[in-house]
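Below you'll find the structures, each written out as structure tokens.
Each of the two complexes below includes subunit A, the first together with subunit B, the second together with subunit C.
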Partner chain A sequence: MATTTATLALSSPDLVGDALALNTSKACYKAGTTIGLDQSTGLARVYLTATTNVDIITVPGAVWAGKNAKVYIANLSTVDSEFIIVTKGGNVIGRLYAGDWMWMPMEQKAAHLSDVEIAPNVASGMWVEYMMVHEGVVLTTSADS
Partner chain B sequence: MALIPTLTIKDTTTFSDEINFSVTDSLTTGTPSQGLTKVTITTADNQELVDEAVSGVRYFYAKNTDSTNFVILQTTGSVQYARLSPGEFCFFPINDGAGLEARADTASIILEYAYWAKG
Partner chain C sequence: MATINATISISSPDLTSSPINLNKMMTLTKAGTTTGLEQTSGIVRRQFTSTDQVNLVATGAQNYGTPTATTNSNKIYIKNTGSSTTDYVLIGLGDAGGGTATTDAVNGDSMTIGRLYGGDWMLIPAHLATDVGDIWIAPSSSALVAVEFILFFE
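And now, the complex of A and B:
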């Protein structure tokens, strides 16, 4: 059975008087089940050379509604001032600065309103890595012209 | 003050090749921060965890400690963007102006969360 397991560790010796050492792990299941997510985009890398807001995950139809998905995105830049703005269907989630990453569930509510989009703040070129594990996608109908 | 988050994704069964990678980061954090907190999230709307009016980036962690019901994460404008299933966690940055609210769907859940401002 397909099982993707995500583990998060958060640590800090000096945030507050008590050192932080959090560790949590969870298998990724299909919504409402204990069956593992069995599909994935695979780990992908893109090199962005414009500040245009682009889709990295597209929801062309609403058939995904109620299904589970997890998204990982990392900004691989090493320049501290460089960031990407992550949005979901036009709603800003947050900024990923150089070296930052995120892991979050993705709710698939409606066509294009659930697209995951990123926009770099510079056009000088930025590597971004991402992956989605999920339980189903709606593929775009082919159009050859 | 530094916060070191590490994410490990492992899957030995879905693909012909194993997925096994880790990413880590060293985040300089400042104030304000919200240490590890547990709060009951009900099915009511507008249970704000991060105020959209506060400037700066927040690194946000949350875990749904419920064993049955999921919780919805949404902007402070009540635009849903994620469902956190039972036992699941997330870690992502929240931009100033975006804010974050939580809302239980079926029944109240206890959410563990924390956030730290980018320094």
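And now, the complex of A and C:
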């Protein structure tokens, strides 16, 4: 069994009168267990040169609802005005501007409903990293078979 | 202007043949600028004792700045503070103001993000557009569960 841990350090000395210093850490388990997630897409790094909305994680017709998964996405751009719009099943989650990252659980439901998609706001080229750590996905049937 | 930093560390010695040690820090800024976000909900802690689907964050006129789906860089942190490995809270987007379950739909008004088991946390952007930007929660059991969230917004 693998051990994967996600840790967050959130801090601000001046947002409010009491300095914010939040730290949390959690191992990533399979649904309803203390068994670690044992599969991963690996950390993917892509260079996007169009504003097209593209799938970075797809869920085909047959799904593994109830399986646990975690998704990390980071916009590696250094241009402040550049962002990606992150959607799930076509529903907007929000924008990741240059340097922003996100970490979320992922529920796999019906086909396309749970796809994770990104759309850059510029076509001049943008680096994005993403990774999913999971306990299983249904892979798309090969079009060649 | 405030300075807010969020650093994620993802580590695993054995998930893959090469250990994972990913560290990424971001400074929470307003959309398209280097100006820090300067408004927050504070650390909100709520307890739930029902499986009803309800709004955790209800957007609306001036509740959290001026809601818009197109020009903000808001962030939300959510944590299930419990310790259960079997009970979870389901988190999603869309209006659950009526306390009844909504149905996910591609390009629709509601979408399930995922489950937070005890101790799990998430940090995502939050567009906060009225209704479709609401953040809902649905506990898997009626056992008491406490959830914390912090909204950082423009």
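The criterion applied here is as follows: the second predicted complex is superposed on the first by the 143 of 145 C-alpha atoms of A that agree within 3 Å, B and C clash if a C-alpha of one lies under 4 Å from a C-alpha of the other, contacts with A are read in each partner's own complex, and residues count from 1 in each chain.
Everything below uses one rule, namely that contacts are C-beta pairs under 8 Å (C-beta built on N, C-alpha and C of every residue); 3 or more make two chains touch, one makes a residue touch a chain.
What you see is a predicted model; the values in this text were computed from it and never measured.
K.L.:
After lining both complexes up on subunit A, report clash or fit for subunit B versus subunit C.
P.N.:
Clash.
K.L.:
Could you tell me if A:81 is touching subunit B, subunit C, both of them or neither one (first, second, both, neither)?
P.N.:
A:81 contacts subunit C only, not subunit B.
K.L.:
Mind working out whether A:112 is in touch with subunit B, subunit C, both or neither, as first, second, both or neither?
P.N.:
A:112: touches subunit C, not subunit B.
K.L.:
Mind working out whether A:94 is in touch with subunit B, subunit C, both or neither, as first, second, both or neither?
P.N.:
both
K.L.:
What is the contact status of A:138 with respect to subunit B (first) and subunit C (second): first, second, both, or neither?
P.N.:
neither
K.L.:
Residue overlap on subunit A between the subunit B contact set and the subunit C contact set?
P.N.:
2-16, 20, 22, 24, 26, 29, 31-32, 36-38, 40, 42-43, 68, 72, 74, 86, 88-89, 91-97, 99-107, 109, 114, 131, 133
K.L.:
Could you please specify the touching residues of subunit A with respect to subunit B in the complex?
P.N.:
Residue positions touching the partner: 1-16, 20, 22, 24, 26, 28-29, 31-32, 36-40, 42-43, 68, 72, 74, 85-86, 88-89, 91-97, 99-107, 109, 114, 131, 133.
K.L.:
If you look only at subunit B, which of its residues touch subunit A in the complex?
P.N.:
Residue list for subunit B touching subunit A: 1-15, 19, 21, 23, 25-27, 29, 33, 35-36, 57-58, 60-61, 63, 70, 72-73, 75, 77, 79-85, 87-95, 97-98, 116, 118.
K.L.:
Mind listing the subunit C positions that touch subunit A in their complex?
P.N.:
Within the complex, subunit C contacts subunit A at residues 2-16, 20, 22, 24, 26-27, 29, 31-34, 37-38, 40, 42-43, 69, 72-74, 77, 79, 85-86, 88, 90-91, 93-94, 104-117, 119-127, 129, 132, 150, 152.
K.L.:
Tell me, which parts of subunit A touch subunit C in their complex?
P.N.:
It comes out as residues 2-16, 20, 22, 24, 26, 29, 31-34, 36-38, 40, 42-43, 68-69, 72, 74, 80-81, 83, 86, 88-97, 99-107, 109-110, 112-114, 131, 133.
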